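Quick heads-up: structures coming right below.
The same chain A turns up in both complexes below, where it pairs with chain B and then with chain C.
Up next, the complex of A and B:
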């Protein structure tokens, strides 16, 4: 699993960054009856063996899709989002080492879970999908934190 | 995880006979749900602990005021995520002492229960990274110090004999800030120094 991979990343400072913009971002999400990460069904069902691959895939989902699709005018929010994005880039690098050491194997379950999330995203108009995914960062960060106890500083 | 919705009466309607109705929504589900015990109530709070007991889901709640033949717009909360936002109660604190040390044993708080017969769930099971902030007050020197601990037992050594010490403990989980609720102050006196007693 990822336990040996994310050694130096402190999730809590990312959580604190997100905490400061969370209410504003979530207030912009007007589709309360739809979720992207589907809190329980998708993420909670991930097995320890698939944690590394799902983390890698979801980091890529945020870096390559969500942060790029989201258009933000408020400079304060923009600063926080780019700080979070930089932290995600850092985590991606850390995962790359695990990949090279063959510790981040992607099974079908992990790929399916990631596909569900991408499908949820594509069912919404891009801006709505991006703002909703940003609003669910607390779910993703709590999932990372819970699945990597003992790895953050 | 006891989650209570609270609100203030609308301005400018003092003296009017107001009642309130509450609904809640599980994020990702399809529709708003009624809370039957909070329909046409006059109090300004509604306990939604049962409805929000699955702490890994996220929720919204809303309330509207009704008076005479009128009713207000809905006032809606932001998205509420119990797992990250619930206030964590203090641990149980047990103290024992000898001449120069105090032993502290902490028992993690328990999750809110719908009814006493329900089996207890320790918050330690929910938050495996649960920590405690222990603050100790020396009544003689009027000084306080604190330390953060993860284990359940802690021994304070090199204390002054025959001195009153008071302890307060707060549970916390690293991550987004939450409201904290420290334990009641517990005090204990270290024993007299036996060597000086023998002279």
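Up next, the complex of A and C:
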């Protein structure tokens, strides 16, 4: 499961970085009644076997799409987003090593869960979708933390 | 047209010990003028996905002297590019970039400082506060042939921790090392220190 893959992750530090910008980011979200990650009651229903794959897919979602689509001018916010983005990059590498040891297979449920997120994302204009996804980072971090229990810092 | 161009800083390097990272460079000097420096960084994410993005350092935009504490900027275990330029009034030098990206997993981890005390029959250790990223692995044993080594992981910082209730007349020894989870590395062990109940700290 995920615990072996992300053993050395400092999730707590990433949560701290996000908490410092959460209010500012969420205030920019103009579509309050729409969600991208949070609709995902399915995140809670992800089975342990699929946790690694969903994590890998959601990390890729943020690294390849969200952080790139969001243009940030405020240096304070930019520093925190950079800290999270680089931490996610490091987590991707850790998961990659896991995958080489074949502990991160992707079943249909996991792939479907990820596709829902991408579909939600593409319903919105890019900047709006990026800011909303950034604002929902705590949903993803809480889910990682829950599946990583007992070893977070 | 002979306009004096401000030379860039040079000899950039990073000294990193116990997860404190200091960027230094050779200063630019213009007689009678005050020079300031601006430091910027980009993590591996920026260099891979948005290479035009450079982020102003938290504490050195500007800096007065030829050094910058970049600890608060290096917050992931990935390579970071760093650059510095000099300014004097409205004049600005070219950027000077660190030759090799810096990764905090190269930090030097030193054996931690510890203070061993006795509180009656209680063996107590106090460890220096190295920051939230550090855990301490404390090994202690009763100094006698075949004694078993006990290990305790200590996360509290700068406050006394009880290790053992000692037997009268027995000597006990302690050594400690740090562990940094974010980079997955240990420091070397400290020198062992021994105490004897109703005795002074004994050199090894």
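Methods note: the second predicted complex is superposed on the first by the 149 of 153 C-alpha atoms of A that agree within 3 Å, B and C clash if a C-alpha of one lies under 4 Å from a C-alpha of the other, contacts with A are read in each partner's own complex, and residues count from 1 in each chain.
Note that in this section a contact is a pair of C-beta atoms (placed from the backbone, for glycine too) under 8 Å apart; a residue touches a chain by one contact, two chains touch by 3 or more.
Everything numeric in this text was worked out from a predicted model, so none of it was measured.
Participant: Looking at the combined model built on chain A, do chain B and chain C fit side by side or clash?
Facilitator: On the shared chain A, the partners fit.
Participant: Taking CA centres, what is the chain B/chain A/chain C angle in steps of 10 degrees?
Facilitator: 80
Participant: Could you say whether A:69 touches chain B, chain C, both of them, or neither, answering first, second, both or neither?
Facilitator: The answer is neither, since A:69 touches no partner chain.
Participant: Contacts for A:82 in the overlay, against chain B (first) and chain C (second): which applies, first, second, both or neither?
Facilitator: Only chain C is touched by A:82; chain B is not.
Participant: In the overlaid three-chain picture, which partner chain does A:33 touch, first (chain B) or second (chain C), both, or neither?
Facilitator: first
Participant: Please indicate which partner A:90 is in contact with in the superposed arrangement: first for chain B, second for chain C, both, or neither.
Facilitator: A:90 contacts chain C only, not chain B.
Participant: Scan A:109 for contacts with chain B and chain C and give back first, second, both or neither.
Facilitator: Touch partners of A:109: none, neither chain B nor chain C.
Participant: After lining up the shared chain so the two structures overlap, which partner does A:138 touch, if you call chain B first and chain C second: first, second, both or neither?
Facilitator: Touch partner of A:138: chain B, not chain C.
Participant: With both complexes placed on chain A, how many Å separate the closest C-alpha atoms of chain B and chain C?
Facilitator: 6
Participant: Inside the complex, what are the residues of chain A that reach chain C?
Facilitator: 8, 10, 13, 17, 63-64, 67-68, 75, 78-79, 82-83, 85-90, 153
Participant: Given the complex with chain A, which residues does chain C contribute to the contact?
Facilitator: Against chain A, the touching part of chain C is residues 42-46, 48-50, 53, 55-56, 58, 61, 73, 75-78, 132-133, 181-182, 184.
Participant: Going by the contact rule at the top, pick out the chain A residues touching chain B in the complex.
Facilitator: The contact residues of chain A facing chain B are 11-12, 15-16, 18-19, 23, 26-27, 32-35, 38-40, 44, 135, 138-139, 142, 145, 149.
Participant: Where on chain B is chain A touching in the complex?
Facilitator: 25, 27-31, 54, 56-58, 60, 78-79, 81, 83-84, 128-129, 174-177
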